[in-house]
Every structure is written in C-alpha cells, then in structure tokens.
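Same chain, two partners: chain A is paired with chain B first, then with chain C.
Right after this comes the complex of A and B.
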C-alpha cells in the first residue's frame, strides 16, 4: 500500500490510544480515594471487586450478588450511596476514611469479613472502584465531618444525666429500658428495604465485639449523632448538645452490664444505682397549660 | 395596513387573556371495583396518641369519598410545562399529629423548603425513604423546633416513623408548580396553563399512575377525568 498509508494508520492508532488514555485518566481521576498518605484508583480496584466482592454485592454493585438471597443482613447497595458507619451527618456521603474503616473492620454478625487479606493499598483502590457505582460521589458535596469535643470525665453524675437523656429521647422505645433491644417498637422495626432488623442489644455479652461501627466511646458517640443511614436508627444531632451526648455514651456503657469499664466502675462505686438528677437538659418538655385563677379579683378582702 | 393592524389588535385582545391567565385542566378522580377494607390501627403501644381517637383510626392508604371518588391523588403536569427549578419561598408543612402524618400526602417543589413539625407528646423519627434523593433519618422529640429540609430531585418519597410503624405518608417532590391533591370530592383543577400540549399524570400511592394528554389553545377549561382500578388486596 505504501509508506504514506502506513504513516496514516500509525497516526490514527496513536490518536485513538491518546484519546482512550485521556478518557480513562479522566474517569479514574473522577473516582479516587484518599486515606492517610494513600491514593486509590478505580481502575486498579476493579480486579479486587470482581474477585472478592461481586459474590455478595453483585456485578452492578446493588447488593444483588449470587449470595445475597441466602444471607442476612443483606449486602450493601452501593448504587444508593447510603452507608451506616459514617462521620458525616445523616443523608451525607461518608468520608474515605469511614469507607476504609468499614472494609478493614468488616461487620461483625454479618457476612462482611474484615479484609486483612487485602493490603492497605488494595483497599483504597477497591474503594475508588466502589464509588463508580453511584453518581452521587460526583454530584454531592462532601458532608462536614462531625467535630467530636473532648470526652469529659466518667463520673456518676455524667452517667445519671445520660440515663435521663435515654428516657427523654425515648431510646428505650426500641432499645428497651435495659438496652436489651426489646423495647415496645423493637419487634416491628424494618430497614429501608423493608427487611426486619433488630435494635442493638447492649446487655448481651461481655465485650465490644458486636459493635458494627467501631467500639470506642467516640464511635458510639458518632452513631447517635450521625444516625445509621438505611436503618431505623436516626440522627439526634439536631436535638442533643455535644456535652450531653458524652453523658449518654457513659450511660450506654453501663447497659453493658458484663463488660469491665470505667463507667461500670463508677456505677459500682456509687452503690450500683444511678441517682436521679435535676433536669438541665436539651429538649424542653411541653409546658402544662396555665391554671386559671379560681378566686375572683378582690375576693381576698 | 390599517386592516392588518386592527387584525393584530383584535387577535391580541382575543388571545391575550389566554396568554396571561391560561387554560385550565380540571376533572375528577374516581375508582372502579371494591377497595380492600381499611385496616384498623392499633395504637395501644403509644397511649399518648391513642387517647386522641374516640374511634380506632384506620390506615390511610386508600381513602374514598361519596360517589367512588378517590382522595390523596396527586394530579400534576408531567410534561409540557418547563421545569421550575426556582422554588417558591414559602415552606410546605408536614405535621406529625396524633401519631399520623397530616396531611397524609403533600406536594412540594424541588428545592422548596419542607417544614416538619412534631405536635405530639412523643418522639418521632422522620425517615423519608428516598432513592433518587438522599435518604436521611432524624429524631424529633416533642417540643423541639421544626426541621427544615429540601429535596433536589423529582420523586414520590414514602415517609415513615420507625418508632410508630403504622405511620405512613408521602412527599411528592415535583419539578412543576402545576399540581393539585384531591380531597373527598375527588376533584382537581390545574389553572394558568399557557397554550400547548400537556401530559397530566394522576398518582395514587397504592393504585399507581394514570396519564392523559391534553392540548390547551387559549383560556378554555378542558375536562379530564381519571379512573383507577381498586386492588383486591
């Protein structure tokens, strides 16, 4: 055909490759994760998804993998970008660190293992690929990370105030008075896909192994401040002050009756009973209607 | 020239009001068949709400009126009107009253403020089960200020309270201001429609949607009725 033709073909090949390269670089750029000093790329994460995740989370990332019908709780649907364990307000996307923690920690009492088998770098690549299942990662503004104030000392007063909040905020309606997950509304709870779901049982066991979003005091703090999206657990961020929130955390720890903790020590030192405190709280009670004055004016004379 | 000018003036006089006030689509929504009997709600787990009802309340998924009319149907212009992305400045209120949502169905425009009020003596959590919009879930104890929220995508969003499982409501987030929600007489009216071709959609939470195409040429009123088939269960 001639050298001119060969040059033409070569030029066309180079142009196509350049365009493809730019395109995939742009798509990969759009889906990146940053955790610590690591940057993950979606293109590199795809192979891990297809090897490790697709069986439960499905080829389209919607939680409809081959294993999904047989397991409970159901695998996360990445297409809705709704996640349970976050540091951001309800309805907002989690941070990359939140996602990383979930993959690294796994979800106890579920089929999601802790992915020790993946290196840190593989995990961040995998997370970048998971973001490709929802356009929200490109359109939504990132949520403001919850600012957690320093934890105040663990005292019986803090626990007592927390106990009061547990009543006032009506946590017991689902969690039960002893936090056993047996409150009046517990049996009818369903998650956002209408699957039955149970509230956390604080009293069972003697350790923190069943906490799904981390087991430190500040992880518990985050749970009721951000809510567990996709589940019945709402966010209380609008109705509880940060200091009051710490009191609630300290009280919740005493519901874990068999766990050794500073909170249980404080309770034991105080005689094992939580004292009643004067109300100094966040949610104002509805004021009773003013009683009319039954004496007519001037009747005293 | 004078003839043309007077023609233009008379045409403007004829069409002008139509252009300013527009046409109207109105009608009635009815159903055929027999709706399933509404289930009684057992509110005994929430005495503070149960005491408000002298007769036990019933589920509101199908509410009917005399003459087989259907209530809580959202009738709106689904195509033909331009999307209205700048929402009205006033808020739409969604109230939790006696452990039910009042009203049961509201219509709100994209980016319009939703004000959620808790008028009860018990806590509720307000949990719109959105798919296209963000899904959020907030607790609202009694005596706390109203919540203010917005939605940025068109969607019919069911709302529930997880604490009180019988509570069910709907937020119809629309891109148009041309909407109406039927009450017990089943009637609706969509005024101020400029000349053009429109698709009117009627949505019911259980019975689905019905559509009708309508053309407005001036300031006339076009009558469009919708009929839904009642479901046996």
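Right after this comes the complex of A and C.
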C-alpha cells in the first residue's frame, strides 16, 4: 500500500513538473512585444533571430555565438535581461520601445549594425523572441519611463556649470579630463561579465559621431539618469537635478571637439575658454578643471 | 566545430538523421552543368561574423538586409567597416565552384549520321562549373571595391567584375559613384540566380534577341551581363527607395573596346513598402537605351577594333514586383523591347534594308517564386514567356515562310537548394534543378525545310560551394 502510494505520488509529481515545464515553455513562446500599434510574437520572431542574430548572440541568447570570441565589445547576453539603453530606472527592464529603438539604431563602436532594413513587424517579432531568453520578462515589468524636461538654453554658464559637475561627480576618473576615455580608472573597468570595457571617447569622431544610445542631447541626458546597466556607468538620477544634468550634457558636447554643435559655438563665442564658476557649495575639485585641449572649429586664438 | 547553428534546441540529431535520406534522394535524383557567376561572399560573413542567412534569404539571393549592405558599399554602417579595424591577416577573398552531374537534351539537332539529317541529342556526365574568385570589401571607410576574376570550366580567365565605388558622398546614401565593370542595378539579379543549369542558369528575358539577329559579333547584349561604365546610385537608409543611373560603353562588358565606341544609358528605380507580417514588398522599373555598330572600318579587310560604325539603337524596358507572403515570395516582371531593323537583319547602316524589314518588337513575362522553408532549404520555380509582337521580316520573306511566332520562347525551371549547415565561414548547397526551354520555329534542317520548334532540357545536380 505504502509503496503503491509512493509511486502514485511520484507519478503525480513528475506529471506536475512536466506540465509546469510545458506551460513555462509555451508561455515563453507566447511572449509578445508591443510597439505602437504593432504586436510582436515570439513564435514568428524565432526565424529572424536564427537568421540574423544567432551568429553573435548564440542559439541560447547568452552572447556565445560562434562569432563572439572574435568581437569586442562582446554581444549582449539576453539571458540576464540587462540592457544598456533604457528609458527606465537602473536595474529595471527596458520598455519594448527601448529595445525596438536599439535594434533599429544599432550600436556604434560595436559589431551591432542598425536593423532598420527589417520591416517593423519583423523587428517586433524578433524582440518578442529575444524576451524568451530570460524569465525576468515573465516575472518583472518594465520600469516607469523617464520624463525628460525641456532642454534649457545653451549658454556658456550652463557649459561652465557642467564642467564643474564633471569634476565634482568625478566623471574624469574614467572619461579623462579631455573626455578621451583615458582617465586613471579607465584601464581597470570591466562590465558585468568581467570583460574589459572602455569609457566613451568624446573626442573621437566628428559630425556624424553618436553615442551608444543615440545621437541627440536627450539621449545623453537619458544615459545620466538611467545609467548603462551592465557597465560601470551608473545612474545619477538620485544625485543630480534635471537642470544639472542638462548642464553636464552641454559641457560634454564641448568635449566633442571635432563636432559642429551649438555648445561649441557658445564656447567659441566665449573665446574658447570655460569660465570658472563661483559656487558656494561646490566641492573642491580634485583634479584640474576640464578644458578641451583642442579648440572647437573656428575658435579664436 | 559547430556545424548546424540553426538546430540549437535538440534538433541537431534529427537534422543529422535526415542527411542520409536527403543524400539518397539527391543522388538518386536529377542531373546538371553550370554557367553561373553568382555572388555570395563568405569573406563578408567572416568579416562581420554573421551567417550567410543574414544577407541572403538563401544564398546567393539577397534579402533586404543584404541589399542595404550592398547598397552601402559592403558596409554595415558601424565602426568595423574600414579594413584597418580588422586583423591584418584578414583577406577578403572567396572562391566558388560547383562540381556537378548534368544531362542535356535537345530534340532537334542537325546530325550528319542521321537518316533524316536531324535527330535528338542527349549528353550527360560529371562536370565542373566555372570558377569565381570573389574579392570584395572596403579599401577604407566609404570606398568599396569588387574584383571577380572568373574562369570557365577549362580555366580561361576573364574579369567578371572590377570596380571601385565612392560611397555616401556628401555624407548621404543618396549619392554613390562607381566606375568599372559591374552588374546593372537589377534587383532581380542574374548574378544571384538560384538556378544553375545550362537552360535555367540565366534569365532568358534578360538575353533574348529576335531570331536571325546575330548582332555585331562582339556585342551580344544582355541586360543581365556585367557592363563597363560609370554608375550613380542612391538609396534610402533602409534601401526601401533606390535609384540608379549609369552610362556604359556599348560593348556588353567586353574589354578592349572590341567593336563599338558608343555609349549606352541604363536607368533603374524601385520602391519597397511594408505589408504587415507578410513582409517587404517591392515594385520597380528599369530601362536600357543602347546602340551597336552595324559595320566596322577595316584595314586590309580586317576589322579595326573599336572602330565600329553606323550605330543603330535598341531598347529594353521592364517593370517588376516582388511580393512576399511570409516565407513564400513571387517576383513578377513584364518587359518590352525593340531594336533597329538594321541590327535585327544584320544589315550595315550604309546598305539597303531587305524588303519589308522593320524594327522587331517583343514582350516578356517572368514569374519566379520561392518557398523558403528555412534559411537552409529553398524551393525555386520560374516560368518565362517571350512573345514577338512584330518580326523584323515578314514571314513571306523566307522560303518556306517563317511562322508568325518565330522565336517565341517558353522556359520553365524548378529546383531545390539545401544548405546542410549555415555559419559565417563558408557556404555549401546541394543543388537540384530541372529546366526546359522551347523556342518556336527556329530550327530548319536545311534551307528548304520548314521551320520547326526546338526544345531543350537540362537536369542538374551539383555541390555548390563557396569558402
């Protein structure tokens, strides 16, 4: 009787586990994305993943595709559901729109091309399939979308304050005083998978240079406030106010010395020098004030 | 080594298990020879680490991502495009050849030993295709190139392609300039054709000429042939919108200016649009305005190269649609063509045309469908129809009279390509194909015999590989 009962329990347990496994697999495969009026389905996206993504991101989405050993930076590991480019707070899942934008935009300084040659429907299907690689997409929800206030006017005062914040927040430790990605900590940085990672070099590139998560000032603002999850770049949402973040954006644009911008125009108008800001509560700078070592285009001597 | 990256979830065993079955089916199947000069370049796959299927629906047929890559000068648009970012040992070279078995049959051939002087002839056996050596990529960012030394099956080389292209001029994808020998902007590309047999390895609709038109010997024009010239083309970022304007030497791509020193003009444009989950649809049109000499200056009775005279014109135009219904797609094309009566009758422009001669006109229809079962298996079917709407000479001009449909052509091709593996280092396809072409009223056993139809068919089985 006891043995028969145990067998009965064991059978029920196996049956339950099997059902749960099947249900879990099916629910993952029923994963959806919603971008605008489009709904993507994982089942349809699988073929696109296998066609376009598998070489780098691997058959299991863990970033271990056949090409992964040869490329730097390494492909994203979708199983961790950690994404750099988000409009949501640090540690939270991105929105479907964030993922959609990333796929369409591609990532500069990496092997990831822009995929806007795929139809919009293909892309949302593809994203739905990518979301099957991590259970987080079934248990967690995307965070609240960051509200970006209107950009204040670009002035030399804004740039000067941004320069001060660059020191105060110790951005220079990684990015270097001239924003060349050569700060004293730069060589020690690693990402969440312990792969070496380089800070962004603002001085490289020219008019068509862009950041990993976009090319507009709003995109840089978003990076401050959300951080780049999986990298040493933290979120400053709890540290600085929106106006401060905008000032920092304006200053960082002046580090792009080969790029035509309103910020560089403002700097040129000011004679190519960033004035010191007299603030009462500013922490003393721990390093020399940041100054672009190359004057912006057209700067007067 | 990961062989079958498309079977990651326990399907690999099943895939391997089907190899024997497929091999048996294929080896027991059809027969094939090849004149293909197709482009599918693993050097790109190696450079960017993507499987062939990223750019090709089934290589060598491009998908829209591959089209964008090509339109952008073999660049993905990221910082890895310039060769200086790659290992110095990286060498952008690929080789393609197709060992094959093929069988050809023609129902009417003039044979001396035949009692009637005519009989059907069948040939078959193991063979090789031509060889393509594809070298392509970027010289630096936004300067791209393609060089294709190509040999026939007996290793006689020529340059199938050789061009340099300045990409994204004025930082705009709408302005790219290319000079050299290149394929015209045929979205339905003969260089990426999915059929390889003698009959099916070309688009009849791209090469048709009226019966009796031998043209200038050095210029058997075909819109599918690579041409020598300069092209200005542009495209939207996703290549949904594309245009091309090219000025070309009237030599059909033959080097050394063998006959003509005239110029042709090619125009092409297309627009793609999304249709929900069905896929990307594309419509387009093209036109080619060319000329050929009708006689040559001679020296001691021998033609002086490049000194063709008495140019007469010809024209090809067409419009097409590429319609996708998820994994099934069909290309529809309509073409209209005409040429000078001087060319069609082989008459020098300073001579008198035969009585009743006029410009021949013909129309063509093409239907090519594919069912992409997976990136590793594709079924192909094509039907081409060409009809003369106006013959160069009236039927009564010859004895016996020529039929009014003389030269009309029907071509049917179907086949399958299976890619046992798909990765970023090499490509391999087991290719099976059958093709049949029937031409009306082009066979005449002797000068007094009636004109009869000629039918030929090809069977082709090949191991198509590129590395």
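FYI, the second predicted complex is superposed on the first by the 248 of 301 C-alpha atoms of A that agree within 3 Å, B and C clash if a C-alpha of one lies under 4 Å from a C-alpha of the other, contacts with A are read in each partner's own complex, and residues count from 1 in each chain.
Keep this in mind: contacts are C-beta pairs under 8 Å (C-beta built on N, C-alpha and C of every residue); 3 or more make two chains touch, one makes a residue touch a chain.
Keep in mind that what you see is a predicted model, and the values were worked out from it rather than measured.
Of the two partner chains, neither chain B nor chain C is touched by A:99. Of the two partner chains, neither chain B nor chain C is touched by A:165. Shared-chain residue A:174: touches chain B; no touch with chain C. When the shared chain is aligned, no partner comes close enough to touch A:220: not chain B, not chain C. By the document's definition of touching, of the two partners only chain B reaches A:230; chain C does not.
Applying the stated contact rule after C-alpha superposition, one finds that A:118 touches chain C and leaves chain B untouched. In the superposed model, A:126 makes contact with neither chain B nor chain C. In the overlay built on the shared chain, the residue A:267 is in contact with neither chain B nor chain C. In the superposition on chain A, A:66 makes contact with chain C only, not with chain B.
Note for the complex: chain A touches chain C at residues 44, 47, 50-52, 54-56, 59-60, 65-67, 70-71, 106-122, 125, 207-208. Chain contact summary for the complex, chain C toward chain A: residues 2, 5-6, 8-9, 48-51, 53-54, 64-65, 67-68, 76-80, 171, 237-239, 274, 276-277, 279-280, 374-375, 423-424.
Across the complex, chain B meets chain A through its residues 45, 121-123, 125-127, 129, 131, 134-144, 147, 162-165. Residues 80, 82, 89-92, 136, 140, 168-170, 173-174, 184-185, 188-190, 192, 227, 229-239, 283-286 of chain A touch chain B in their complex.
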